[in-house]
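Here chain A shows up in two complexes: once beside chain B, once beside chain C.
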Partner chain A sequence: MTLAEFFSCSLLAFGAPLAMFAMTIANDPVRIIIMIAAAFCWLLSFLLSSLVWYAVVPLRSYLAFGMVFAVIFQEAFRYGMYRLLRKTEAGLKEISENHEIGSNKLEMAYVSGLGFGVMSGAFALVNVLADSVGPGTLGLRNGTEYFFVTSAAMTLCMILLNTFWSVIFFSGCDENNYYKIGWVIFSHFLVSSLSFLNRQELYAVTILLSYIVLIITAVQAYRCAGGTSKSFIESFTVRS
Partner chain B sequence: MKMYQLGVLSFFCFIALSQSERLHEQIYSSIEGGAACFRRLNGTHQAGCSSTDKGAVGPVLMIKEINDALWLTQNGTAGPYIAVVSTALFHDIIEEFMNNPTNVAGILVYEDAYQITSAFTHDSKCPNEYSSGPGSTCSSSEPEGFVWNEKGTDLMRRDIPFPMFFLPESRIEEIKKIEECYQRYNLDRNAHSGKPLCSVQLHSFMFAAVDTVVCLRRSASSAILTPTKVCDPLGDQNVYYPLFSRAKENKEAKRPVILVTARIDTASLFDGISPGAASSVVGMVTLLNTAEVLRSMIPMSKTYGTNVIFTLLNGEAFDYIGSQKVAYDISRGAWPPIMPLSPTDIPLHIELGQIGGALLSHRDEESWPLYAFTPNLSNNVDKVSEFVNALSSDLKQYNMSLVMTATDNIPPSSLHSFRRILKNVTESGSLTEILIADHNAQFTNMFYNSALDDYTKIGFDYHNITVGSDGIFLQNDEILAKGIMNATEIQVKISRLATSLARTLYKKITDEEYTGANQASAHLVDEMMYCFLRSQMCRLLLAADYGNSGGTENLPQKPTPLYVGVSAYSLTAPVFAGHMLALFTGMHFPELNRTTCDRIDKSEFSYLYLKGWNNTGVCIQTTMNFSQAISPAFVERDYDYASGFYSTWTESVWQTMWARVFVAASGNGALAAFIAGAVATAIAAFLTFWIQRNAQRIFINAPTGSLVSTDATTGILRTVNC
Partner chain C sequence: MSNSSSSDTEEANENTALMDGHIAEARPDREIAERIARKRKTKSDSQRSYGTVDHGVSSIHGPPQPSSAPVAGPSADAQIEELELKYGARHVIKLFVPVTLCMIVVVATISSINFYSVKDVYLAYTPFHEESPYAVTKVWNALANSMILLSVIALMTVLLIVLYKKRCYKIIHGWLILSSLMLLFLFSYLYIEEALRAYNIPMDYITLVFGMWNFGVMGMIVIHWKGPLRLQQAYLIFIAALMALVFIKYLPEWTTWAVLAVISIWDLVAVLTPKGPLRILVETAQERNEPIFPALIYSSTVMYCLAATPPAGAAGEGEPPARELRPLVPDESGENAPVENRRSPSGDAGFDAEWRARADAHPAPPDAHAHAHAHAHVHVQRLRVDGTAPAHYTTRVERPQQQPAPDMDEEKGVKLGLGDFIFYSVLVGKASSYGDWNTTLACFVAILIGLCLTLLLLAILKKALPALPISITFGLIFYFATRCVVKPFADALAAEQVFI
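Coming up: the complex of A and B.
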């Protein structure tokens, strides 16, 4: 029963990112390198925020304080990733055997975003997954047995959000469009704050609101990448 | 760089771990203070309990009445269950569980002060039945046969197919925790399937299996470099104290010796909880006091024709380990190590058996009915009745009675070992044997060898009277005159029994009636009982501790554990008893310091350096000594373990024992996660596939790359292998 919980939650959290990785990234070594680099950048950002959290002893017990710094550092490293990619873009392209690379400027944004997301998702879920093996589940003191599935769903949401945030953020940086950057930072804070509702066991509210933010962000990222609703519908029509 | 990454990773692992610990604490609550039933093995069988390697898990079912147990074994749908049952109900339901164990994952037994437990004994109906001497008619297998321990469930000698834990009264809050969780999740019994259920995990995995032969073989064979041990023989030390030093006796004409014995040990089904108040402590304390008062009665300057050896036997609960070893060594001429006795040197053996069971029912009167059992032999009736009459008439002045029974069906006691191993002398009548007990046909103790056989079962109230730094105890006359205790209290009764026995022995040794005023002190009995039954942090043990041991704080505030344990580790009970004997009967030399005390020639006496009454250290000259209490089966070469002649008990090795309570998932969460995961993955896969395939048509406004590379440059680079 409980091993099923472990595998189901893993599927929910990492199934979709794995499918995306397999179809768009795995076949290109350069993309893999960028994704790993992005994942490493996320780790560095988390290291720094944890150092801040650790250093400021009196505020250690306040989760909100740690969260604010975590979001700030993540966004800072996203910007750093942007600078790094724009600097190395030409070189990467030269050594790549894939000529199509770089045909869309935001392709690298998507790859690095997925790297960011997967690493943050792994961190958020690994310890929860470790306890999902059982034999127990939450409920003795508080919580319900649905804690694990909601955690996995939230993790999936964060992975996808990070992917789309990177696309919007890079696009915003390219165009000097501060609204886009602003939306990324704002929605990041918003979703992170929503997770505080989990303390009141309002899991449904958190998930629902977070997925609404995810859909808005996804649509926006799609537009940034140059897609329109019309073109999407047209893609289903027969090729001329 | 690599090192740096490694550092970062380990740092995060640390964070992840500490978070996971917090979640872990949310899920599980450990059940503290439980004592697990463990496995013992004999020459042919395994007995006791073991969980699986991962522990037994099952939903909780609180057993409030017998019907609950029947429902569990017959109708339970979400099983196997962990049954949580009080000691009061345990005897009524255990057979049901033993007969239908398929739906039982484990049992958690708890002691509840608000429910009266009428009986709780897991020894056999005929304790040590298969080591009984000739003429025993007690049979646990015959349904209507005569038995000593009628309430005995025999669980200690049966293979129990599920693990069991015991929670003492002091841990009742753990049961409240389980009850609360049970009320929330498990109350609706018919809707158990498909719901999250309050569950308990019991972990007590035992390494040994099958029987002693197999487990000793497994312990001897070891994989390369990793010696494995799966079981140890039971055993510890016997304590013996000759009244007069025997070292300088004439080998050819040794003085005859009266053997006075009692048992030290008791047992229980559960690890670490074996108080043994009525099973063994009262007998042991009576013996210690008899020795003390007899020593004070006899003038040491004279020499007499008879000696007495007071012996405390260990491991008697497990087929008489201690007495088998003593009898075996006497038959080989090897006990005591200095000036060994031969069987014919012992004219009389008196055992203080199980006395104490009748104390509670006689708590309001001065009387205490005692019984003397002796083997049915025609040629020594005179010897026995002479002794019993002397003791009986002395007891009469205290309103206590002693009734003699001549029968070959003798209650469980060391007499059985002597009657089997020293057959020649016991059958010829040259060794007369008497057992003193306070039950006649059946045990008066309903808690024989169990975890509940504690001080309350004999009605012991501690009086906490101060002891001066000279180690002088109040005399009975003073105690009774001042009203500190009244004559119905067990301390007084035990001290009177000890006095009477000492007077009778005095007469045997000196051939004169005792005319002095020395008596055993109820005050001393009070202190001794407190040390064994309530707390080892007591006045006597502080005085009887080794003089060179550190602070006095190291003694735990728990009853002295009286389970014999494994022979590889020496436990405290025989050491305590031996040191008390030395302290009360030995010569004190306070002027000697430790180094000189250690250096004295030890050929005639042994010397112990103890803390003494004023805690400054005192050198004690004593004849008290220890001898090994390990079954002859492990001593004799090529002993056939299946023959059943000697005790073959071994105890399994285990690593950890723990229990915890938590809520087990119904699987709905897993199902939800699986469906959501499958749907999300399918949608993501389709969208990614579609968008990637039609990227050109979809991203019509795609921002183009800032650097447009030419084919020429790529061509150059591509010739370079990098």
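Coming up: the complex of A and C.
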């Protein structure tokens, strides 16, 4: 049972990102490098936020405090990533064999967002997954048996959200559109605060609301990338 | 130059580029010219690896000709850099994959087989066992141990240089073969035994001996003679992983960390100081225009290099064409056309790395112990371009375009010393031995980023750079930071199911 739980949870959380990675990123060395750089950026932001959390001893038991700083740092590093990518854009084009890499400006945004998301998802879930293999499990005497599944579902949500956020954020920065940036920061705070409800085991509320935010964000990211409802429908029609 | 060959060619070019990067010193002049030529010609048809060179470039390459450099000019430089970067991107990935695989083997072993994380016996080189409860004593012990290990390594390197200078190739090869023999038989036997024990699988000695014999002999053949590239790479990765496991198992706790720090500093010194031992080795090798020893270097492309190495070396010396190409090789330029040729003094360094790698590899064998291997590997820790490649290039350069596909393998090759693999894996493996996957992951990403930066610096500085310092520094920083600061935060978040 524990093994089945391990596999189902890891596939739930990382299956979709893995497929995205395999289909869109793995073929291009430059994208892999960008993704790893983004992961590293996320790591730095997380390190900084845990430093803050760790340094302020009296507030250590309040995760909300750490969460606020974590979100701020993440968005700051997202902006840093944006600056970095825009500065090195020309160089990156040279590096890559695929000279169309810059043709869609948001391509980098997607790649770096996925790197961000995967890293944050991995940090959130890896240890939980390692525990889920057994020998023990949750929910027999204490705790809730939904712990692993909900964690995995939330992780998936965060990974996808990070990807979309980066797309929106980058396009917002490109267009000086502060609404987009504002939405990213706001929804990030919103989702993170929602996850505090998990402690009360209000999983239905958290997950439902988070996924609604995810859908809204996805639609927005799709628009930012130049998609329309028409092109969405067209993408399902068979092309000869 | 057929279309079909183009892909291969490209690879070759890339490799070449990397080499250039390392070698960079000499290049600035000639290579720049070459590159420019290449670029203009079209990136797509990569002329065979050195095709660009071929075109007239060869003349430019002429070792002593410094004048070519001016031609390049600033714009040229920019172009060149771009080119190098381009090569870099693919190369980075070509190195990422094996490094990742090696780490995965080590981490998987550490987390599934208890044997490697239990401390009981220690290496002879680490006489202080850190059994005292006081931190101060432990630190002192760890430092003393790592200094002893370092001096052993330095000694080996010097020995190697002496042997190499005196052209005692037989002895060097003997060392190498002996050490790989030990790793392939003794250590893999231990590994298999522990693996079988961990999974509670019974096996009779006959089967075991049969399997070990085939595994070991095939390994020896593939590593020291010839065989499919993939197979050779697999064996080298496995050897590196085994060596890393040995380090993790037999070094005391704190000593491991001290050794990692000390080794990366040593790497820095040995590669970058003018009289650094590895540098001397490389220069010597370059002068002789010899290939790198196969056994201790991971080559992304041509395993044949290894097989071909001896011949290549011979050919290089004997054949005139090789000489033409030689100019590419930094060492010659460095020595023969000292100031003029070197736009960038560092050029030598690039080669150094390769050579060092070889050199390092050699030294290791001497020790009867596995340790010896380790040392050797340690020495090897740089990114190199194939040392052998140069010779090949030369040859090819002359008849480059006509024989595109066949030689491709030999030409290119980003080489990374097995020492790098070993110490990267030691770091990640050690991090994973505490059971926290976040730490492991952080170290892994940090090391990869360090590798990226090293390659980037190579392209920018055109100097030979040691591969360990940046990666290991990042790895150590992230290990300790994650362990002390990030882990409690991450654990709290996970336990409360708070997602940030």
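In this text, the second predicted complex is superposed on the first by the 232 of 240 C-alpha atoms of A that agree within 3 Å, B and C clash if a C-alpha of one lies under 4 Å from a C-alpha of the other, contacts with A are read in each partner's own complex, and residues count from 1 in each chain.
Operating definition for what follows: a contact is a pair of C-beta atoms (placed from the backbone, for glycine too) under 8 Å apart; a residue touches a chain by one contact, two chains touch by 3 or more.
Since the structure is predicted, the reported quantities are computational estimates derived from the model, not experimental observations.
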item: Contacts of A:36 with chain B and chain C, given as first, second, both or neither; value: second
item: Partner chain(s) touched by A:152 [first = chain B, second = chain C, both, neither]; value: first
item: Touched partner set for A:135, first chain B, second chain C, both or neither; value: first
item: Contacts of A:47 with chain B and chain C, given as first, second, both or neither; value: both
item: Which superposed partner A:191 touches (first chain B, second chain C, both, neither); value: second
item: Touched partner set for A:126, first chain B, second chain C, both or neither; value: both
item: Chain A residues touched - chain C or chain B, whichever exceeds; value: B
item: First (chain B), second (chain C), both or neither touched by A:15; value: first
item: Partner chain(s) touched by A:225 [first = chain B, second = chain C, both, neither]; value: first
item: Partner chain(s) touched by A:171 [first = chain B, second = chain C, both, neither]; value: first
item: Overlapping contact positions on chain A, where the chain C interface meets the chain B interface; value: 40, 43, 46-47, 50, 94-95, 97, 123, 126-128, 130, 147
item: Contact footprint of chain A on chain B as seen in their complex; value: 5, 8, 11-12, 15-17, 19-20, 23-24, 26-29, 57, 181, 185, 196, 198-199, 201, 660-674, 676-678, 680-681, 683-685, 688-692, 694-695, 697-707, 709, 713-714, 717-718, 722
item: Chain A to chain C touching residues, read off their complex; value: 29-30, 32-33, 36-37, 39-40, 43, 46-47, 49-51, 53-54, 63, 66-67, 70-71, 74, 91, 94-97, 119-120, 122-128, 130, 147, 150-151, 154-155, 157-158, 191-192, 195-196, 198-199
item: Touching residues (chain side chain A, partner chain B) in the complex; value: 1-2, 4-5, 7-13, 15-20, 23-24, 40, 43-44, 46-47, 50, 86, 89-90, 93-95, 97, 99, 102-106, 123, 126-128, 130-131, 134-149, 152-153, 156, 171, 174, 225-228, 231-232, 234-235, 239
item: Complex interface listing, chain C residues touching chain A; value: 10, 82-83, 85-86, 88-90, 92-93, 96, 435-438, 441-442, 445-446, 448-449, 452, 478, 481-482, 485-486, 488-494, 496-500
